[in-house]
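Should a chain be cited, it is by its letter among A, B, C and D, assigned in written order, with residues numbered from 1 in that chain.
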Amino acid sequence: MATQVRPRADDLAERFRAIRRLSREIAAPLSDADATIQPHPDASPTKWHLAHTSWFFETFVLRDHVCGYRPFDERWPYLFNSYYEGEGERQPRARRGMLSRPSLDQILAYRDHVDSALVAAAGDLPFAARQLVELGLNHEEQHQELMLMDMLAAFAENPLAPAIWPQEPEVTGAAPAIRGVRGRIGLVEIGHGGADFAFDCEGPRHQVFLRPHELADRLITNGEWLRFMAEGGYERPDHWLSDGWAWVQANGIEAPLYWRRGEGGWQRFGLDGLRPVNEAEPVCHVSYYEADAFARWAGARLPTESEWEAAAQGLDPAGGNQLDSAGPVRPKIAAAGPAPRQTFGDVWQWTMSAFLPYPGFRPAEGTVGEYNGKFMSGQFVLKGASCATPRGHSRASYRNFFYPHQRWQFSGLRLARDL
Amino acid sequence: MATQVRPRADDLAERFRAIRRLSREIAAPLSDADATIQPHPDASPTKWHLAHTSWFFETFVLRDHVCGYRPFDERWPYLFNSYYEGEGERQPRARRGMLSRPSLDQILAYRDHVDSALVAAAGDLPFAARQLVELGLNHEEQHQELMLMDMLAAFAENPLAPAIWPQEPEVTGAAPAIRGVRGRIGLVEIGHGGADFAFDCEGPRHQVFLRPHELADRLITNGEWLRFMAEGGYERPDHWLSDGWAWVQANGIEAPLYWRRGEGGWQRFGLDGLRPVNEAEPVCHVSYYEADAFARWAGARLPTESEWEAAAQGLDPAGGNQLDSAGPVRPKIAAAGPAPRQTFGDVWQWTMSAFLPYPGFRPAEGTVGEYNGKFMSGQFVLKGASCATPRGHSRASYRNFFYPHQRWQFSGLRLARDL
Amino acid sequence: MATQVRPRADDLAERFRAIRRLSREIAAPLSDADATIQPHPDASPTKWHLAHTSWFFETFVLRDHVCGYRPFDERWPYLFNSYYEGEGERQPRARRGMLSRPSLDQILAYRDHVDSALVAAAGDLPFAARQLVELGLNHEEQHQELMLMDMLAAFAENPLAPAIWPQEPEVTGAAPAIRGVRGRIGLVEIGHGGADFAFDCEGPRHQVFLRPHELADRLITNGEWLRFMAEGGYERPDHWLSDGWAWVQANGIEAPLYWRRGEGGWQRFGLDGLRPVNEAEPVCHVSYYEADAFARWAGARLPTESEWEAAAQGLDPAGGNQLDSAGPVRPKIAAAGPAPRQTFGDVWQWTMSAFLPYPGFRPAEGTVGEYNGKFMSGQFVLKGASCATPRGHSRASYRNFFYPHQRWQFSGLRLARDL
Amino acid sequence: MATQVRPRADDLAERFRAIRRLSREIAAPLSDADATIQPHPDASPTKWHLAHTSWFFETFVLRDHVCGYRPFDERWPYLFNSYYEGEGERQPRARRGMLSRPSLDQILAYRDHVDSALVAAAGDLPFAARQLVELGLNHEEQHQELMLMDMLAAFAENPLAPAIWPQEPEVTGAAPAIRGVRGRIGLVEIGHGGADFAFDCEGPRHQVFLRPHELADRLITNGEWLRFMAEGGYERPDHWLSDGWAWVQANGIEAPLYWRRGEGGWQRFGLDGLRPVNEAEPVCHVSYYEADAFARWAGARLPTESEWEAAAQGLDPAGGNQLDSAGPVRPKIAAAGPAPRQTFGDVWQWTMSAFLPYPGFRPAEGTVGEYNGKFMSGQFVLKGASCATPRGHSRASYRNFFYPHQRWQFSGLRLARDL
């Protein structure tokens, strides 16, 4: 949680309305049933996301800071608390898909209830509460990406392969050749340090020492991934971390998630349905284990978080292929050009850095301090943003994190190399 | 499958319409989302039942016997085949809850499509096809009971404990004292032998030799079960089968399924919501392990299938508390009276007989021969009928079967004793 | 437990010494380490068998009936109680292989201690205690077969495939053609009824009604099994019970247990090491699921327990290929001849009857009543005896039982057919 | 693997003999059975360690570098390869406890065979082979510690709680109060850089930037851990990482590994048997999750690897309580004194750093390159040495690593704090 954010009340109410509206728009193509099912324990039903983000505002802002607020339903916090131990018992994560009731309509009414109360109170909120609204909006933006991830995961379970937002495939171009871009060296500052909003785990800003290295100027493509596969990438243990190889063997992994063998070659399932794999687009839905194995096979490595962040400082974090409105999301072919490209947008980029606290890290006070700090074991950092990340949500210091076997997020990779 | 059934075409079309209508009425209180979720791998979504029963007619009658029939959707048999290996690959049983699409409306349209085709063809069906229609209707009646079981299982997962058919509790009476009724002895004929419909596993009719015994004249009640619990029934291994005790320990079993501790004592969740346990009603939702342990604790035993069937021959199988129309189902308090009561209706009654083939058993020809015969290992027979069994579906020779740990069916017990 | 056994003291002491000696001889080729390991939770270490059988006499005879007996070690009953809940907590079954101590030598000293005390007391034992000695001897004979089963299971885990008792293979003959033998029909008495020892579950003697049928005059051979395999026996679901097919799929079953593909064809691992499969010998180490599938494929069925027992009454139960002394055990090729052969010895024969109580069954009083009764769910009866069953331990009424997926016992099959 | 090590031939042979001898001495109290069992999949049988370390020399030195060497047994590499994919298929790790054969004596003969061949060849080995001998000796020293860990794990499974090396408990003193020692700040060099042996993962030497901090001058004691427990340390989720709390809940964790409730308070099982917990001794056998939770509860944190290593540079790595010879191992009470104490010896110290490659890391060439690099995901670094680490095996740059839930190693903690 940020400590320095200073949101003005007007903007806040306006942003609140806009961000809350986008969540509904993302859910718009879904039936009540679509929004109810849970494809696996890591992914939540869309209804649950819509309700949980409302619970966040209701609990941390309205209940704690708005006198006289009446909760929508006393029994719902049990249903829609995610993992905040400080807020008590809750529906087990793996059983969120059992909630056919409340209905989607009831949950939308819950959103209206919370939104009205919050907008009415917005002008009078104390500073601490405005900070929590800001946190809640960033939280909601994270859940917008999770909704897209989890909708995709849910429809991927359906043998009918329904397209959520049918769309013509992009006209195929070719990705330009990869070139190396020299990274910054010596003592470099990373981490968040300004007055704008950032999550607690992004700071404090601190110095790190970087050695000579270069970063690829674009992301790895599906075409390059197909070569890795053709050369036995998934069959040769020497490319893989030990845990990664065990994961490949135990799960019969042979391609990125959502790839299927079709008559005319590999296809990939997306929010726009089942399409042939486009060789020029960035590869997406690969795990850390896969990204790491690819990099070894390519004679390279993944960047560290510091290297990536140092290179991204000064670039426009809203300048890429990110989410602008509800609709299909798809990584785009890299344009030709002189500089590092695809830094923000398209796919999250695995780094070889574990998600651990920065020197001097202190979690936010209170229950919202459970937001990031308690997840600091066993996960790797991803940097940048994806085509499913709301535009304006990103920055160079942003630290996304997943376990090394996970790949239902929009994740790909960029190579790095020592010099 | 029956070999002797001779359904007349007129009656068949009429019965077809009535039975098909009841399935829709049972599903009527459910939203699309309610009808989509799968609470555990043994229980299927309501939508799936509605579609699967239609697939049965479409496949075995319309496709195989009606020239020019056009299937509703070529891709749906994959979704709605249950376990017929002869019909090819299918959606894995444990993943039936992923089918948010097709929607409930689409599945109702599928039913209309099949119903129209079948009613149109009914007059011209050859004998073999009319037999398959009869089989399909009995199959659908079985799924009506499964729908009620699985709806209950699904709503029991919801922390809000919604009542599907809210209803006032029965005015509490008292169950009459149990009396023993002497059973038939010596050589007795059991199994189905007449010209009416019966499933293949109910025959051939054959002789068994019975020794002196008596059967309780009514079912065991919740009050009697509470005494079993109060005397440490779930805590003392000496009452239990070895597998049963392991099941109790591994799952923390301490009461019948759907019982919950409330402030004023034990409650039970049902299709009418959460209610105090009524001591006079028959106990329901107990496993074979529990029924067997109760019987040992009571110094008695469960009846054998033969004993039960011999006693039930001649009783009216439609004369008890069975399903007449969509609505709440509930076992009823035994009336006072001189004869065996609660034989058909209220709850299925565990017997101590394994579900095995009768002497001379031959499965039906073709894929429908997978209906019963391939389940003949590891399961126990239950006799009678329950409050969720469609009236008219029962007979003395009926053989229901479940694994000894299962209890989401409407199952209870009647005691027996050697003389 | 038998109620009618009247063992004379003299014979008892003599038999006691002989039977106890055989257990030691069976274990003789094993090192301490060989006797310690546990290949899977169903199989126990040899050391454990040697100690458990001694614990049985120590607990139920010496402790309960011999004044002044001093237990060998107060802490050992925890280690060597098998499943008697009435005797308290015990080492978890799946962790019996952790007992590197006590050593094999210490356990042999335990046996000496128990044997001396029992032989010293034998002349003065009351009748009830002599019955328990008789039970203990039959119990020990059962464990002698278990020791051979479990030693085989343990060495089968060793990639070096050590031969416990190396032996030349039998000169290959041919099995005679199978002929059908008509079984007894009408009312027939089965179950144990005499004054000799029998386990409690073998009685009471009672009447059953049998229909016309015939039994094969010999066991199914490896050669016949190879034909089943060659014709897709393990690949076609229509031969299999539903649970059996799931078991085949989940475990990749493609041949009897201990069969391995070698360069020159199938081999089987036995106590005499790795040998080519002998086509004329009875097939061994098949599960109920496999036996049942084979019978369907052959257009036949397995016998019922009653049919088998009725046919075996009057045959010499000690007249076949059973265990006479420690050494390699192996099913033998059927001799030519006019009558049913291989009834006792060679392999246990799966029946299609579930292991359930006979009419009027009462478990033995006290903790030894846990011996059989509590296992009466989910298991099938096997009749006869195997080449690993001590000669003299068998009779027509004997009821062996295993779960339908188990096959580390010496189990095969004989076909039956309705007439 | 080191690239700069220059072992002289004479010393090497001498060290070879001494180190190889110590392994046998450690195993001396064990019977063949003791040395055969495998308590859990992470721990290997002692016999396996004795053979695997010999296989390492046989494979990478004798087979690859000594002309005419004849392997001891062609079938054994399958049994004793650990995880080197480059060396082919091997006995599954979780089934190492099935190897009752080869016997302990045969494995000791294997050791003699390898030792003779290696000592005979030692004078003529090329440089690369001498490097591999050096690697093999360091490998063997690691397995000496593993042997002690795994022996303890094995005997801890035995309800008789046998003491391997019985020993009187230390006279109880008191640990001095903890004082903070300021750490080095700014740019600091860490990692191995000299000519002595080091594992590949310890380099390259590189600069890191450290902020102001202090380290505790001694390890956390059992007494301090008991206070953590008394204040609900294992019951309050707010102290714990999310994964850690899930681990506590799923496994019912309530104390360090090998602690047991006794009548007079907590006891701990060790190689010297079952003893009361000594409050002044360093706590041992705690997981990363526990160490991290303790640090939070104490208002502190764990050190980073860099902080720890910077503080340890210049200290004598052989100056603490490490393994000198076979016998009981036990962490010792901290002496009073002015400087950081217990840096090397007593217990491995969890750091908050993930085990990841240093900048510029390159795995060793060939199969031995699988030694460390492929384990670089999901694990945390531990620094120092334990009472079970052979003296002389340690250095400041040493990187030990385990998963955050593991605790059968001799692991404890030292606190750190930001300034």
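Just so it is clear, a residue touches a chain if its C-beta (ideal position, glycine included) is under 8 Å from a C-beta of that chain, and two chains touch if they have at least 3 such contacts.
In this text the structure is predicted, and so the values were computed from the model without any measurement.
Under the contact definition, chain C and chain D share no contacting chain. Between the Cα centres of chain A and chain B there is a gap of 47 Å. The mean-CA centres of chain A and chain C are about 59 angstrom from one another, to the nearest whole unit. Separating the centre of chain A from that of chain D, both taken as means of CA atoms, is a distance of 38 Å.
For chain C, the set of residues touching two or more other chains is empty.
Taken as a contact graph, with one node per protein chain and an edge wherever two chains touch, the assembly forms a single closed ring in which every chain touches exactly two others. According to the touch criterion at the top of this document, the contacting chain pairs are A-B, A-D, B-C, C-D. Within the complex, the chain C residues that touch chain D are 31-37, 39, 75, 78-79, 91, 95, 97-104, 154, 157-160, 162. Contact residues of chain A toward chain D in the complex are 83, 85-86, 187, 206-209, 211, 237-238, 240-245, 288-289, 292, 301, 304, 352-354, 356-357, 359-360, 374-378, 380, 404, 418.
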